[in-house]
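These are the structures, in structure tokens.
Presented sequentially are two complexes of subunit A, the first with subunit B as partner and the second with subunit C.
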Partner chain A sequence: MRKILKIEERFYRVLMFLSTTFIGTALFVILFSILRTGLPHLSWEMLSEIPHGGYYFGKSGGIFNAIVGSVYLSLGSSLIAFLVGLPIAMFINIHLIRHTKFVAVIRFLLDLLWGVPSIVYGAFGFTIMVFFGMRTSLMAGIITVSLFILPIIVRAMDEVLRNVPKGLLESAKSLGSTNSEIAYVVYFKQCLPGIITAWLLAFGRAIGDAASILFTTGYTDYVPHALNEPAATLPLAIFFQLSSPIPEVRERAYAASAILIFIVLTVSVVSRILSCKYNKNKINF
Partner chain B sequence: MNWLKIFYNRKLRNKIHHSWMWISLGIVFVLPMSLFIGLMWKSAILLNQQSVFDLLFSSEWKPMAGKFGYLTFIVSSVWVTMIALLIAGPVCLLTAIHLTQYAKSWVLKIMAPVIDILAGLPSVIFGVWGILFVIPLLANHIGPFFGKSVSGYSILAGAIVLSIMIIPFILNILIEIFQTVPKELSEASLALGATRWQTIKFVLLKKSSAGIVSAFGLGMSRAFGETIAVLMVVGNVVHLPSGVFQPGYPLPSLIANNYGEMLSIPMYDSALMFSALLLFVIVLIFNAISRLIILRSSH
Partner chain C sequence: MHNSVIDIEHLNLFYGKQHILKDINISIPAKRITVILGPSGCGKTTLLRSLNRLTELDASVKMSGKILLNGQDLLSSKEDVTTIRKKMGLLAQRPYPLPMSIYNNVAYGLRISGRRKKKFLNNRVEYYLRQTNLWEEVKDRLREPAATLSIGQQQRLCLARGLAVDPQIILADEPTSALDPHSSRMIEEKFAELKNNYTIVLVTHILRQARNIADHVIFMYMGQVVEQADARDFFENPQEQRTKAYLQGQFY
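Let's look at the complex of A and B:
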């Protein structure tokens, strides 16, 4: 009996080990297969120039417009989501700390919103656009994406603020601070690394999502100069170029995916470094 | 210098913060409602002409003739989602047990960033990977192995790409659930002479069974709504799929593929908005049930 149990355990442990390595290998294979195909086609021209005439038939040019468009879009939307999201997270954890039922309802609602697919936000953004008579523009994209990342950023900041010890809140209150001072002086400082990480997470989501901006941002070969102009974005640039029958254009799509991977990895590494560095200044109880 | 007063007047500052906070919270409460109403408003034109039952259970898709049957797309979506879950589910479960029960600290140190990065990769990257790696694999190796000549753009390709995408999502929830199971329970079981694996099987998995089911439910609804990555590899042919090597056409791909011509054909925009509404409602129901189960089991 004992022996059978041992064999069973060993069998499952091998399976577990295999599935863990499977996940690790999957990431490696994804990064390796894209970088191997994309990096040889990456050039300074691709990074720094907008598409010239005949670009989509394999002539010269780059995807500078898409890089700039993506950065504008995700900076704008993550800023809006931050400005709306931070007060909500503070509200849940400071003002409503005693109303646990209400907080549970808010968290439930945020979780539901998090689960809504980005294409639904895209379709919704499109209906708003039609309703207000707007054209496809950077502004419409920023609004749609900020709605999409709002629940993500709030829940991420909420997880951080949740772990602040209650003693900090009590002592700040007993010294006579107003709620806004507790929020933006005490809690904000205490959780700064976590808040930055949450913002970076939202930024990464915003820069990588294609479905929500498909309807709203449009596509252009020029760098946008105003909020009411359409803008190109990296994910859509990859998507459109990959559906081309011309091999040169497709190779550029692989190079563009390498750029996107590089941006996302940088965001991830920076958020890790930041959270390690700033955690030293935290008050520990 | 009126605005400077704001910085010196603590009460005023507090008031501004307070009202801004309420407005922000209002957005969260209004958003789901307005999502529903906005999509409903657009799809009302279609719903006035055809009953929901006809729309859902007819497979006739002829936008030019004004015939919209969603069965093909729903069936494709269900196929892709189910196969993705079949692949991702066991892998996630085994890995979650491994990471929370057995793994040494160096394994955790490697796997934490791996899961993070995998979760943060944009969906279009998964799509590119699908085209570069999964499609050739299916066309050159797996297809011939089953004695079929396939192009690779198929339901199976979409499901494989999707399964890798939802793995970090399900895994994170599972790890969280396993960590909330009280240690005393496992210790009691071990003290009674059960082996480590018996403890996992009869204590950990039993205690968190509801959580595991709902984690899979959440992963499923995530897979159901995923757009770009699936769209790039699934083939997009409007016909009722009868095997995993055949191309499919899931609901999100339908919306994303046709947005360009949707204003040129009458009722087409309404039909596409209805499919977005359908997606929204299905995902919302799945999510709500799963979240409620998690909430209930954690109390």
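Let's look at the complex of A and C:
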């Protein structure tokens, strides 16, 4: 009997080791193949200039327009989603604490929305745009992407707020705090690291998504100067270049991917640092 | 008989279909330590929590009856529940310091009551930390997070934080159960001092603690109040059979 247990223990350890190695290797191969093809094409020109005439046929220029467009779009939409999502997450965890069944329904609906493919949000955004007679624009893109990442950011923050022990809520209530004081002072401070992570998750989804912005933000070779202008974005820049028959243009798509990865990595590292910085007041229960 | 601050009349509490508190009729004397004593699961914590209406946080709890604070019914009161809660400080089974600095933990209660002058806050924070014998230990690290304190210090910080709201009553729910003997004694001694200014309601299942500090005892068993009396009468001359059995250690 003991021998069987030992074999079982070893079997699962090997299994876990293999799956971890598999994931690690996959990640490494993805990064490696992108960087190997992309890095040689990465230049200052690529980062700082907009596409010149014939760029998509392999002539000179860069994708500055797409970098700026993506940063505007993802910062704008994640900011809106954060400002709308934080009160929702606080509300279902503090104000609705008595109504556990209602909250369960809200969570279920949010999970459903999380699972809806982004192209559906794109189609929805497009319908709205047509209804209001808007043209493809940065604004339309920001609104669509905000809707798309809202359930993600709400559920991510909700999971963090949910883990706050009830005793802290009761203690704060016993001091005579109102619900808003509990939400934006006590819970906010306790959960700030998790809230930053939730925002990061939403930002990552926003900057990486192509389907929801295809019809709403459009594409342009110029840097947008106003919210009602269309904007280029990195995922679409990758898509258009990768579908080119010219090998050099295809390879530039990898450079654009490398830039996208770099932006996500930078934001991720910065938010990690921030969340460590704000971790000190957190009480570990 | 002392003046009572809280009078509870025919309080019944249901949790779903379970009848937790059965027809509770008690009065709690002012500026004394009232100990609610009883075995685990007898409803003593629920009774304490119903005083500042924390039981309302659970939708399946239904209450009926009257809880009179200075003659005013809390359950049917039009008064804002936060105002009621400010009149009662709560010390929980284990400390839940707020996720902020030691200083701000105490200042929090003052700030939410609208006191924001820096000088006033400094003054009061020191006063309440001295009240709970914490000042000497933390005066050089007021800006450090409360999480860096030991459990015993955290519990005293929670007491200081509760006092800063200037309550009339202190509700304590087995406040020493997570603490080491030294910290427990400090809390007990503090209660004996604080009763000059505050009414204290203490829930405990530790007989020794009850004997040490109680002025008035309420003995509960299976959701009912079996006996309530002055501490001396209660321990030396219990009237009820179940009280006698409990005091002799026949059940816990």
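Assume the second predicted complex is superposed on the first by the 251 of 285 C-alpha atoms of A that agree within 3 Å, B and C clash if a C-alpha of one lies under 4 Å from a C-alpha of the other, contacts with A are read in each partner's own complex, and residues count from 1 in each chain.
In the analysis below, contacts are C-beta pairs under 8 Å (C-beta built on N, C-alpha and C of every residue); 3 or more make two chains touch, one makes a residue touch a chain.
These numbers were taken from a predicted model, which means no experiment stands behind them.
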Practice item. Using the superposition on chain A described above, determine whether A:85 touches subunit B (first), subunit C (second), both, or neither. Key: first
Review point. Does the superposition put A:41 against subunit B (first), subunit C (second), both, or neither?
Key: neither
Review point. Looking at the overlay, what does A:98 touch: subunit B (first), subunit C (second), both, or neither?
Key: second
Practice item. Could you let me know whether more residues of subunit A are touched by subunit B or by subunit C? Key: B
Exercise for review: Report for A:167: first if it touches subunit B alone, second if subunit C alone, otherwise both or neither.
Suggested key: second
Practice item. Have a look at where A:178 lands relative to subunit B and subunit C in the superposition and call it first, second, both or neither. Key: both
Check your understanding: For A:215, is the partner it touches subunit B (first), subunit C (second), both, or none of the two (neither)?
Key -> first
Point to revise | Footprint overlap on subunit A, comparing subunit B with subunit C | key: 178, 181
Check your understanding: Can you list the subunit C residues touching subunit A in their complex?
Key -> 52, 54, 56-59, 82-83, 85-86, 88-90, 92-94, 96-101, 108-109, 112-113, 145-147, 158, 161-162, 165, 171
Check your understanding: Within the complex, which stretch of subunit A touches subunit B?
Key -> 5-6, 8-9, 12-13, 15-20, 22-24, 26-27, 29-30, 33-34, 37, 84-85, 87-88, 90-91, 95, 104, 106, 108-113, 115-124, 126-128, 130-131, 147, 150-151, 154, 178-181, 183-184, 201, 204-205, 207-211, 214-215, 235, 238-239, 242, 253-254, 257, 260-261, 264-265, 267-268, 272
Study note, to complete from the structure: In the complex, the residues of subunit B that touch subunit A are 10-11, 13-14, 16-18, 20-21, 24-25, 27-29, 31-32, 34-35, 38-39, 41-42, 90-92, 94-95, 97-99, 102-103, 107, 110-111, 113-118, 120-129, 131-133, 164, 167-168, 171, 195-198, 218, 221-222, 224-228, 232, 252, 255-256, 259, 272-273, 276, 279-280, 283-284, 286-288, 291, 295
Exercise for review: Under the touch definition given earlier, write down the residues of subunit A that touch subunit C in their complex.
Suggested key: 97-100, 165-178, 181, 185-186, 189-190, 280-285
